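Same chain, two partners: chain A is paired with chain B first, then with chain C.
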Partner chain A sequence: MKCRKCGRKAVINMRQHKLALCAQDFLTWFVKQTERTIHRDALFEQGSNVLVAVSGGKDSLALWHVLQQLGYPCNGLYIGLGIDDGSAYSDRSRACAQQFADQHGMNLKVVDVAASHGATIPEAAQVTRRGAGKPCSVCGLTRRYLMNRAALEGGYDVLVTGHNLDDEAATLMGNTMNWLVGYLESQAPLLPEKPGFVRKAKPFHRFYERETAAYALLRGIDYIQEECPYSADAKSIYYKKVLNQIETDRPGAKQAFYLSFLQARDQIQFTGSGERGPLPDARCSTCGQPTRGGRQCAFCSTWQNVRARNKPLEPGR
Partner chain B sequence: MKCRKCGRKAVINMRQHKLALCAQDFLTWFVKQTERTIHRDALFEQGSNVLVAVSGGKDSLALWHVLQQLGYPCNGLYIGLGIDDGSAYSDRSRACAQQFADQHGMNLKVVDVAASHGATIPEAAQVTRRGAGKPCSVCGLTRRYLMNRAALEGGYDVLVTGHNLDDEAATLMGNTMNWLVGYLESQAPLLPEKPGFVRKAKPFHRFYERETAAYALLRGIDYIQEECPYSADAKSIYYKKVLNQIETDRPGAKQAFYLSFLQARDQIQFTGSGERGPLPDARCSTCGQPTRGGRQCAFCSTWQNVRARNKPLEPGR
Partner chain C sequence: MPAKIQYRDQIFDVRSGMTVRAALQKLEISPESVLATRKSELITDDEILQDDDHVRLIPVISGGQR
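And then the complex of A and B:
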């Protein structure tokens, strides 16, 4: 298979685009496609001050790399979750993020949950009832909150995440298998700014996972390859498998599923969803963020509870 | 495993209902559940004059049997499609339907497409551009039209079909994988009567396929077991397989997918779908049925085309 642009040997064949490219032309194409997505979906404007949520995985590091190439002033944000589980997952993912930042002369802000809030995510999961002992629920809540706060406090125009089409399609399938109307309503590549919440965007949402992986690989980016050890039985990984099987049987089906949803959103009005809806005027008594809950937002009440119930930290931690 | 009602040996365990039953109690339960669905979903009223669309398969024959037991005046309608393909599929399915009617003293109306419209479904598929030579598109159009017309002409209150939860979930998955908003909007266990269209209902839409199969089996109903020979690569069969795999991995997922959709319909408004929407005042110049198309409805224009292009019928056909 030959590169459509230059005729040299292709390294990747993207069937859904009917496009085979060599390494050099793929890297150029990938950056241009990202720029096109940013403009096409009006994710953010040229010159926007961007905060990249960096996990140390291929998607977020590739995104950071691409945005820098496109000339956006962008810093990285790494949230230290304290996930060890024998594999030092958090330590190693942080090292990947830091090494990438150092190599490229980029600025990585690190927020360590245990240092700033008194417990790691696995410790927090054990003492709250959120997620029935599994850390995914408290982890999601914590990451969303801390990323949003860091972006607001840093004065960024937009917070971007590395979600790719496979991620989005798997989330969509999870939301669809139970018709979670509130989640379907809020699943979008762009969540505009609103009081207390920074603008959020997903510039890679039109790329297949194999394309973001190819970019990271061909750029020689050293990223953490395994998934979080707690995500093994996560729904999204399960639905990724299901979608990959469907994609094998019916090439293009995964992309059609996700992109047709984005189009259908214009023809669907979600009403009375209860779960989402306009935020009330109420503000959290602890942090001041708009909240649907009672006096405190979910983050503050959860972590107040965690600190009250968690065993005292060892000195020097 | 013992029958929850009488303690005898159970023949079926319905995990989603946490209910194991013996043959006798299952048959009683199945009939009562059908009645409950008819009332709960307001499908039709007691004493309604019902036309049952009968294919000769387990679902439609079981439905006909149950409705008669429930005291509804109901006749059957069989559409002869002329599908042979070496397996005499249409002849054998018609024989099953006729034998059932004769055994139970019920009245089966037969409409033979070739006799009344000049070509079998496979012949029609070859000469129209609908469905790219595959008969499923022209078959669906023809069956829907003829069933509706027979119900209207016969003065029936409602036309019922044997679609079960597996059928509906597979259709839903097909509609969802491409977010076909018009089809999502019109997928419902009840389509109310409107000018030119009889009320349509699916009394088995809450039963798993294995439950309707168990009813037919335990009642000794002789039905055609194989699928239509043209349906082998049909989307709905593919999505049934996918959903069965998901159901195996996550018991209850199939039912949750379909039933949560029915609930979500109340929270979703489908707008600007284009494909569906209120019918215009225009009527088909040939048959008088309301139509969205030009002068003729899709059925009349398709079959006019078929008769014009099909090779002359052999004498005596």
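And then the complex of A and C:
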């Protein structure tokens, strides 16, 4: 198969675009497409001060690399979750992120959950209602909160994450299978800033996961290939597999499912129950973040709980 | 001499002369979920497997949140 641009041997064929490219032209295309997405979806402006949420995986490192190429001033943020059962997942993913930062002369800020909040994510999950052995709920809440806070405190214009189209399509499938209206309302490549919340954007939301992986590979980016040990039975992986089966039979179906949702969501009248709804005027009594309902935000009440329950335990239990 | 396809820690023998895509389908691996490499070079899945080829598949699906 030949590169459509130059006729040399192609290394990737993107069926949904009917586009095969050689390594050089793919890398150029990929960076340009990211820039187009940033403009087309009005994610942020040239010169914006960007904070990249870096996990050590292919998507976030590729994103950091591309944004640097595009000339955005951007620092990385790594949240140390303390997920280390046997596989040393957190340590190794952090090492990938740090090595990338060092190699490219970029600045990585590390927030370690255990050091700053007194328990690792798995420990926290053990002792809260949210967890019950499955740490993803505490993990998601904690990461979202800490990333938002780091971005606000650092004075960044926007926090970006490496979510790709496969991530978004899998989330969409989960949200529609269960008709989670609030989540559907807030599923978007851009969440504008509002008091207490930084602007959030997903510059890779139009790329297939194969493409972000190919970019990382061709650039020689050393990323963590293993998954978090808790993701094994994640529904998102199941939905991705199903979507890929459909995609294999009908190239472009995965993309159409997600992109036509983005168009349709503008025609759907949501009632404002999701993250995009009006801001509650109540504030968390501990951290001051706008919050719905109770006196404390979900993050503060969860972690207060964790610290209270964690105390009597022997370290290392 | 069959060609070899390596996926995670498994190695499959497949007939040479067929395309990478056909081999993947035979192995019930979604071509969308992997990138194929030969001698560390990325290849498209219309490549025809030669005798003694060793194709390594790189899984691209990641789970959880990031």
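Annotations for the structure displayed:
The criterion applied here is as follows: the second predicted complex is superposed on the first by the 303 of 317 C-alpha atoms of A that agree within 3 Å, B and C clash if a C-alpha of one lies under 4 Å from a C-alpha of the other, contacts with A are read in each partner's own complex, and residues count from 1 in each chain.
One rule holds in what follows: a residue touches a chain if its C-beta (ideal position, glycine included) is under 8 Å from a C-beta of that chain, and two chains touch if they have at least 3 such contacts.
These figures come from a predicted structure and were not determined experimentally.
When the shared chain is aligned, no partner comes close enough to touch A:Gln304: not chain B, not chain C.
After overlaying the two complexes on the shared chain, residue contacts for A:Gln245 are found with chain B and with chain C alike. When the two complexes are overlaid on their common chain A, residue A:Arg143 makes contact with chain C while staying clear of chain B. With both structures placed on the common chain, the touch criterion links A:Gly162 to chain C but leaves chain B unconnected. Contact with neither chain B nor chain C is seen for A:Ser285 once the two complexes are overlaid on the shared chain. With both structures placed on the common chain, the touch criterion links A:Asp266 to chain B but leaves chain C unconnected. Of the two partner chains, chain C is the only one touched by A:Ser60; chain B is not. Of the two partners chain B and chain C, more chain A residues are in touch with C.
In the superposition on chain A, A:Phe257 makes contact with chain B only, while chain C stays out of contact range.
Shared contact residues on chain A (touching chain B in one structure, chain C in the other): 245.
Chain B meets chain A in the complex at residues 176-181, 238, 242, 245-246, 249-250, 253, 256-257, 260-261, 263-264, 266-274. On chain C, the positions that touch chain A within their shared complex are 30-35, 37, 41-46, 58-66.
Listed in rising order, the residues of chain A touching chain C in the complex are 1, 10-13, 20, 23, 53, 55, 57-60, 136, 139-140, 143, 161-163, 166-167, 208-210, 212-214, 217-218, 225, 227-228, 230-232, 234, 236-237, 240-241, 244-245, 247-248, 254.
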